[in-house]
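Everything on this sheet refers to the single structure shown next.
Labels A, B, C and D are assigned to the chains in the order they are written; within every chain, residues are numbered from 1.
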């Protein structure tokens, strides 16, 4: 079993030395260390993963407490500690399109992908994807979102998420705008796939807009959801070359391929604790 | 010597048959033929290149005239005929950055690039690139663009362009907005490189905006200049992956590489007569 | 309903004119036309797709017969005629890895992919993928290939293929070398995915070899199977950047993503009749 | 002024802690730190860059000596220390093709590229590139390599390299195979660009081989030169999609674009001290 520490704090000299000494002196064998200084804002970021086998602090709570006493509070650090024996619980939201949902379920169940995650439930505002989900033994919850009754629907969703101890949410082409209240409950814990190369073509129907504009490349963006539509911290982007031969339908088809890879990458990075959010940006230690 | 015919007209059955028969019956050996139907607007596009060696119509003017009589007027065609023995005359406009200018001069002079083009002059609103241009035997014209005196400067530019029989213009990172009058004199004959993946980050300082937004990919766009800023028909786009490690300076450095490739590609396509403009889009027969 | 004509023959003047006139005079509305001349071997290639709605030759057999009489025999053409109302029957062979198999089944069943194909059966030399196939209503045939008894196994396979009127075969990471006799029965009708960027790393364990060599890019190749191992005509290739951080296991994981896209592209091109094989190369009219 | 330390040694616990403490205790402010453990061979790699402004060890020689005494010898480390105030001296070798040479000279002279390097001389086995070099104020040495007299030529080359205190060499499409003796004098200090995606198409004429094989992607590889032809540690690779439309000439043209980017990247990484060679592989801390 390993522990992963994600740190950010004002930059100053000696931070790496202090953290690595803290771990080494307690018998923690560092597996991997990454650090970054954002010189524009003078801020330090670090990810360190170490083996817990011979680590002298045995309880998880104690690790956090002692780290806070010895180092955390001294440098005004924001940090998280994760443990690889915990299996995160991911809720997937979808609407009509099945390709991202399918890819996510496949990767979750495929041993060779090695995703450390469970999907306790899929939530959809339509009933039509049920047959894509239930055969895999995953409960499917149909929660319609009627006009003017969004909050009612969200209340039901939140109850389910709580009941199933959900850690984070993936919007696998979930075509509803959610309320700020909902987002506030999962800060940097909702991953969305937007089917354009943000910030181009914010909002619905990006492939139609791309077609209208006559671009030669389309893209997809995996990002955390914030209050501003399609403006949250970007995790992954990728693209696909297109040509005048491609109709809107072709763009949608070619885009699907990029979307499902991008969302899978974003989920993998989240699961492997390789993302630190800084303001509206991400540091990706991959 | 070859001729290239670029056609667009309302779609109807038999167009390829009629054009190819016209050429074949007159001894024209087709080297390459491309066609495209834009089904959204029911419009037909075609590029055909044929050898003139045994073509029975000898004069260039006659080719246009007879094609118009037999086919062009019948189908309401817009078309151009180009001949490969003509060497197009390209004016390059630049400001401060040298990388695109340099690449263009290099490719123009390199035999192996096989660009069929001449650069009779470079025009700049600064004097600082003179030493990058004159050693190659290309005249460098420094025409300052003072505030409120843009039209005066453009008048001088247009005189030079006329005097040198310029066919088309390349803005190799020319950092001035030009007037609609100027553009009207070179419709779809001004190629600009914009240093972002349009339509994201229109206007100046796109790399700064990209940095602020925290994107994971930057790009460059080669397009024809129209009255609306950075909104003309896109010819070529390409991208470069970036990461949180990249400062604005790094984006600018990495972007240069993409920019000079993209503008070179756009110029090559223009020179090889492989572009048809349809509304605000391009058909690229590469 | 459309027809697609795929032609190759020695190059000469007037071929496009003659074929398009043949179709036009009989009321065939051309939807799309592509042609290519390989000047190194003086050979002409053409793909033309036209609507059969008002085409005056009604029977499929007659189309072939009349085309042969009027044009085909005159120019020593090799050609195929396909009709879009026929649904090709594809057999998928697999061994242990499920990702390509899964992707293929998903795309076949997803309406939005618009694949014109049926999968009457999956054949495997292992029994372990049964649960990935049968839930989709596709019969799964476990045919073990024992040492020294390959021909016995192939006999069973061929019987099944015949019984189900299979048109073409996809090796979705099928880890057996097949006999020349088998290949001879499906010339340019077996699509294989090789998990390297051919011709680098021919044979088994290409990711291990790539790791050993320390390459910075891995790839996948979709190709038709010929008698020489991994040396058949290449249809599609794509790549993925890697780094020193990637273990063999990471290469395998990253490679899967490329493999499933590449094999899907190869199948799509085959289904849309966009491939002509010329010697050991392909002409792709996409 | 900064110092860069590149370390490799058998892996063991506490290495990062010890090195960072060493620097921190002496007032060294770490700018950037990267580490990697190759678990297949249990080997540790690290790059650390720190500011020398307040570093208490003032002389460069002392830094090396004290680091060796306190840390280096204890862990059986191989390491290099570089200082950013030193300007490395690069010799460029070329033959006929000018594109890589040109790109390298441009980047060296362009302030915005920020390459910390000088080119004291260009050596060629032909006289034809002289006019591409001398206008930039760089001496051009024409040293013909006659059949059977390679060692004589290399003797002259080595004298020039010594006389100009050359640190490393770039083969910018230098089309000669050099002797093992020559290579032994510049271990991991000769960067070559090979115009294929190695290990595919080793040796001369890779574009011809790529054309023959009918690949759909071509590439270029920047690597250090070792005794085995085109088999040294790979630094950078990149690719370009091609199609059946591309003749050998087109491949050569498209390849040039990739080659010059790849070689520039390899040089930049070498200059920024971001490469550690491990066996026949590279660790790239970019």
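A few notes on this one:
In this text, contacts are C-beta pairs under 8 Å (C-beta built on N, C-alpha and C of every residue); 3 or more make two chains touch, one makes a residue touch a chain.
Model, not experiment: these values are computed from the prediction.
Common neighbours of chain C and chain D under the contact rule above are A, B.
With centres defined by CA atoms alone, the chain at the far end from chain B is A. In terms of residue-numbered contacts, A-C and B-D present the same interface, as over half of their contact pairs agree; the other options in C-D, A-D or B-D do not.
Residue numbering shows that chain A and chain D use the same positions for more than half of their mutual interface. The distance from the centre of chain B to the centre of chain C, with each centre set as the mean of the Cα atoms, comes to 37 Å.
Work out the mean CA point of chain A and of chain B, and you get 42 Å between them.
Residues of chain A found to touch two or more other chains are 245.
Those residues of chain A lying in contact with chain B across their complex are 36, 38-40, 197-201, 213-217, 219, 233-239, 243-245, 247-248, 280-284. Per the touch definition, chain D reaches chain A in the complex via residues 13-14, 16-17, 20-21, 23-25, 27-35, 37.
If you check the complex, the residues on chain A that touch chain C are 97-99, 102, 106, 110, 112-114, 135, 245, 252-253, 256-257, 261, 264, 286.
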